[in-house]
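Going in written order, the chains are labelled A, B, C and D, and every chain counts its residues from 1.
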Amino acid sequence: MKTALITGAGPGLGASLVRRFRKEGLYVAALARNGARLQELFDGDPGVTCIAGDATEPQTVANAVAQIEKIGPLEVAIANSAGWKIAPLLELEAQDFETLWRAGCLTAFNLARAAGPVMAARGQGTLLFTGSAAQMRAGPGFGAMAVAKTGLRALSQALARELGPKGVHVGHVVIDGPINSARTRAANTNHNRLIDPDGIAAVFHALHLQPRLAWSNEIDVRTFSDWLA
Amino acid sequence: MKTALITGAGPGLGASLVRRFRKEGLYVAALARNGARLQELFDGDPGVTCIAGDATEPQTVANAVAQIEKIGPLEVAIANSAGWKIAPLLELEAQDFETLWRAGCLTAFNLARAAGPVMAARGQGTLLFTGSAAQMRAGPGFGAMAVAKTGLRALSQALARELGPKGVHVGHVVIDGPINSARTRAANTNHNRLIDPDGIAAVFHALHLQPRLAWSNEIDVRTFSDWLA
Amino acid sequence: MKTALITGAGPGLGASLVRRFRKEGLYVAALARNGARLQELFDGDPGVTCIAGDATEPQTVANAVAQIEKIGPLEVAIANSAGWKIAPLLELEAQDFETLWRAGCLTAFNLARAAGPVMAARGQGTLLFTGSAAQMRAGPGFGAMAVAKTGLRALSQALARELGPKGVHVGHVVIDGPINSARTRAANTNHNRLIDPDGIAAVFHALHLQPRLAWSNEIDVRTFSDWLA
Amino acid sequence: MKTALITGAGPGLGASLVRRFRKEGLYVAALARNGARLQELFDGDPGVTCIAGDATEPQTVANAVAQIEKIGPLEVAIANSAGWKIAPLLELEAQDFETLWRAGCLTAFNLARAAGPVMAARGQGTLLFTGSAAQMRAGPGFGAMAVAKTGLRALSQALARELGPKGVHVGHVVIDGPINSARTRAANTNHNRLIDPDGIAAVFHALHLQPRLAWSNEIDVRTFSDWLA
C-alpha cells in the first residue's frame, strides 16, 4: 500500500490534504504538534496514523518517515507546517524571528532531508510544500513570515533541481489569500475571497499525478474574486 | 455543445491541445496561418473547424470567435501563437523586433479582446496562454522573444485581475524547455529533456477544470531531467 | 566634447536628465515629439540641440544619433519616452495596445539599435532606460503599460548581456511612484510621496559614472514615505 | 563625529567598506568573529574600533551599537556577514542548514533590530545589506545559501517599508559574481569577471548619499564581462 506523510496536518488545509490522499487510496501519516486534535480529526479512519510531534526537530520527522515506510513505500510527502505572528520587525525579538523561520522553512528542509533519500533510492516520489503569496509580499507585519516563505520557495527550487533528475518531483503551491475556515468566514464578509481548502488539495493531487516528462514546480491558487491584489 | 478556440494550432503543442479538448468533448476551432497544414492535421475529425488566418489581426480573431459561437458557447480560448527568431538584438531591425512581439503577445491580446467580453457576459470561460521560461530568461539571441513573452506574462496577470471577478479564468502555462517533436528529437540526444506535448495539454486542461474558489494563474512545466537550469 | 542623446526629453524627468548631463559637461541632444516645447525648455542653452521627432521611428532615432555624433562621441543615450493611457484591457483596441508598447518599449529598442553599434565600436558608452514599477505591477487599468514596461525590463537585461562584454553599460532605472510636477502636486496632498526628478537624474548619472568592474543593471527609486506598496 | 558599524568586516568587501566610510570621514566600528584579523587589517587607524564578536548573537550586536553610539550618532549600519558552504541539500544536516541561514540572514535582522530604533528615533540613518545574486539563483550546491539570501532580500524589503517612513533608508546590494581577491584571482583566469570590491563599496556609499525623496532599495553589481549569466 502506498503511503503519504503530511506535516502541519491539523484542521484546515492540513485535514483537506489528508482526506484527499486518503480518498485516492493512500495510507496517510498525519503529523502535528497537537496530538489530541489529530485524534479528533482522523479518529475512526483506519487508514490514518496520527503522529504527535514537532516538525522543526529533524529526528521527529526522520522517525515519522521510518514509521510510515514500515506500512508501505512513501509516495507523497507534504510540508504544510507554518508559524503565524503578525508584528513589525522592530517589535520582534531574534528568537521570534528565528522561530517563524524554523516553522515555515526548516520543517520543509527536515521533510526533504528525511523523505528525499528514500524516494531518490526508488527513483519515485512527490515532495510538496505549502507556500503563501500573501506572506511573500511582506506587507506590514509580515516581514518575518516573508523571510520564512521566500526561503521555502528557494528551497523548493533548489530541491527540484537536485532531486528531479533522481525521479523525485518537488513542487511548491503558493496560496494567495485566506483559506475558508470558521475563523476566516467570521473575519471576512465576502466569502468569495476565501479559498476552498479542498480545491487547494486538488491542486496538490494534480501535481502528484503529473507524468515525469511534464512536471510543474510552482503553481499559485486564489479565488476568482481576489486576483493578485 | 461547448466549444474551444485555439490559435497557433499547427503541429506540436497546438495539435496536442486540439486533441485534448476534443477528447474532453468540446468542439474545437483550430486557427493558424497555414490552412493546408491544419487540414492535414485535423482532416476527418467532424468536431474540428480549421480556420486559416493570422491571429495578429484583431478582425481575424474576432471573426473566429463569432464563427465558433454559432456552434456553441466558447468555453475555452487558448493563445498558442508565437514567433521564433534567434538573433542578437543589434542584428535585428525594428520591424523584426515588433513582428516577434506581435506574434508572441499581441495575438494573446486579440484573443482576450474577442473572447473576453463573450465569456464575461456569461460569467464563465477559460482563457489560457502559452508562455516560455527559456524565452523569458533572455539568453543570447533570445532578447526579442523575451520582450514578447514577459509582455505575455504581464498581460496574463492584468487580465486575470480584470476578468477573474467577472467569472473568467485566465491562466499562463510557462513551458521551460524544448517540446518533443521530430525536430527536437533530432537536435537533442537526451530525449528526457523533451517535454511531452500531451503532458502540457493535460496541464492546460487541469487549469480549465479548476473550480472558481481555487483558481491558478501561473504554472510551469518541464521534464524531471531539466529543472530550472 | 562628449555628448548625450535623451528621448522623451520634455518637461519633468526628461528636462532634469538634460540639465544633469549638461551640468556634468556633456553636450546634449534632446529628442521629443513636441519641438516647440523643447525650444521653450532649453532655449538659450548653447549646449543643447533640440530635435523634434518620434522615437518610435527607427530612422528618426538613427538620424539623431548621426547628428549628435558630428558634435562629439555619444557617451550617454537615455530612452525616457513612454505612453500613458489608463484603461481596462477589454476597453482598449489592439491599436491602442500596440501604440503603448511602441511608446514604452520599441523606442528603447530603436535607441539601442542606433546608439549600441556606435558605442560598441568604441568599447565605451552608457545606455539607460526609464522603467516604472507602478506600471510593471499592472494594477487596474495599467495592463497595457505593464506589457510595455516589463518588455522594457527584459530588453534592458538582454542588451546588458549582449553589450556589456563590448564595453557598453546598459541600465534600467525603475521609478516607483509619481514624479514631482505641477500636475502631481495638484493630485497628491502628501508631497513626500512625489519623487524628486533631480534625485532620479542623479541616479542615472551615478550609473553612468560606475567603473566597468562594478556595473549595475537595475536600480529602483522612490521616496522614503512610499516604499514598495 | 558620525559613525558606522559594519559586520563581517574581515578581508575583502568588508575591508573595502570600512575604508570607504573612513575616507568619507565617518568613525567606523568593524565587527567580525576573528578579532586578530581585524587588528591586522585596521591596526594603526585611530578612526576604526575593532570588535571581535559573532553577529548571530543579538546581544553582541546590541552591545556594538551601544559602544559606537558613545563615540557619535550611528549614521550607517552594514550587514556584510555571510556563511559559505557548497553542498547538495541532501548532504547537509539541519544544523548546517540553519547555521547558514543564521549567518546570512539572522545577522542582518540583529543589526536592524539594534540599529533601527536608534536611527528611527533620530529620523535618520542608512541600513545596508550585502546580497548575492549567485546564491539567490540556487545553482547546484547553493540551495542552503539561496534560502538565506532570498530571506535577506525579503527582510530588506520589509524593513524598507517599515523604516522608510521613519526616515531610515534600507538598501540591498546584490553582488552578482566573485569579488576580486587573492583567492578568486587564483581560481579564475579571466580577471575581468572579478568584481572590484572598492567599486562595490562605492555603490554602498552612493546609496547612503541619496536624498530621501529619491531612495533606492535594491541595486545589483557585476562586471562588464559577466552579465546576468
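FYI, a residue touches a chain if its C-beta (ideal position, glycine included) is under 8 Å from a C-beta of that chain, and two chains touch if they have at least 3 such contacts.
It should be emphasised that the depicted structure is a prediction, and the values quoted were computed from it without experimental measurement.
*Asks:* Let me check something: if the centre of a chain is the mean of its CA atoms, which chain is farthest from chain D?
*Replies:* B
*Asks:* Distance between chain A and chain B based on Cα centroids, please, to the nearest Å.
*Replies:* 31
*Asks:* Would you please write down the residue numbers of chain A that are in contact with two or more other chains?
*Replies:* In chain A, 157, 161 touch at least two other chains.
*Asks:* Show me, using the given definition of touch, all chain pairs that touch one another.
*Replies:* A-B, A-D, B-C, C-D
*Asks:* Taking the touch rule as given, give the residues of chain B at its contact with chain A in the complex, in rising order.
*Replies:* 157, 160-161, 164-165, 167, 169, 180, 192, 194-196, 198-200, 202-203, 206, 210-229
*Asks:* Quick check on the complex: what are the chain A residues that touch chain D?
*Replies:* 58, 88-90, 92-94, 97-98, 101-102, 105-106, 109-110, 112-113, 116-117, 120, 136, 138-140, 142-144, 146-155, 157-159, 161-163
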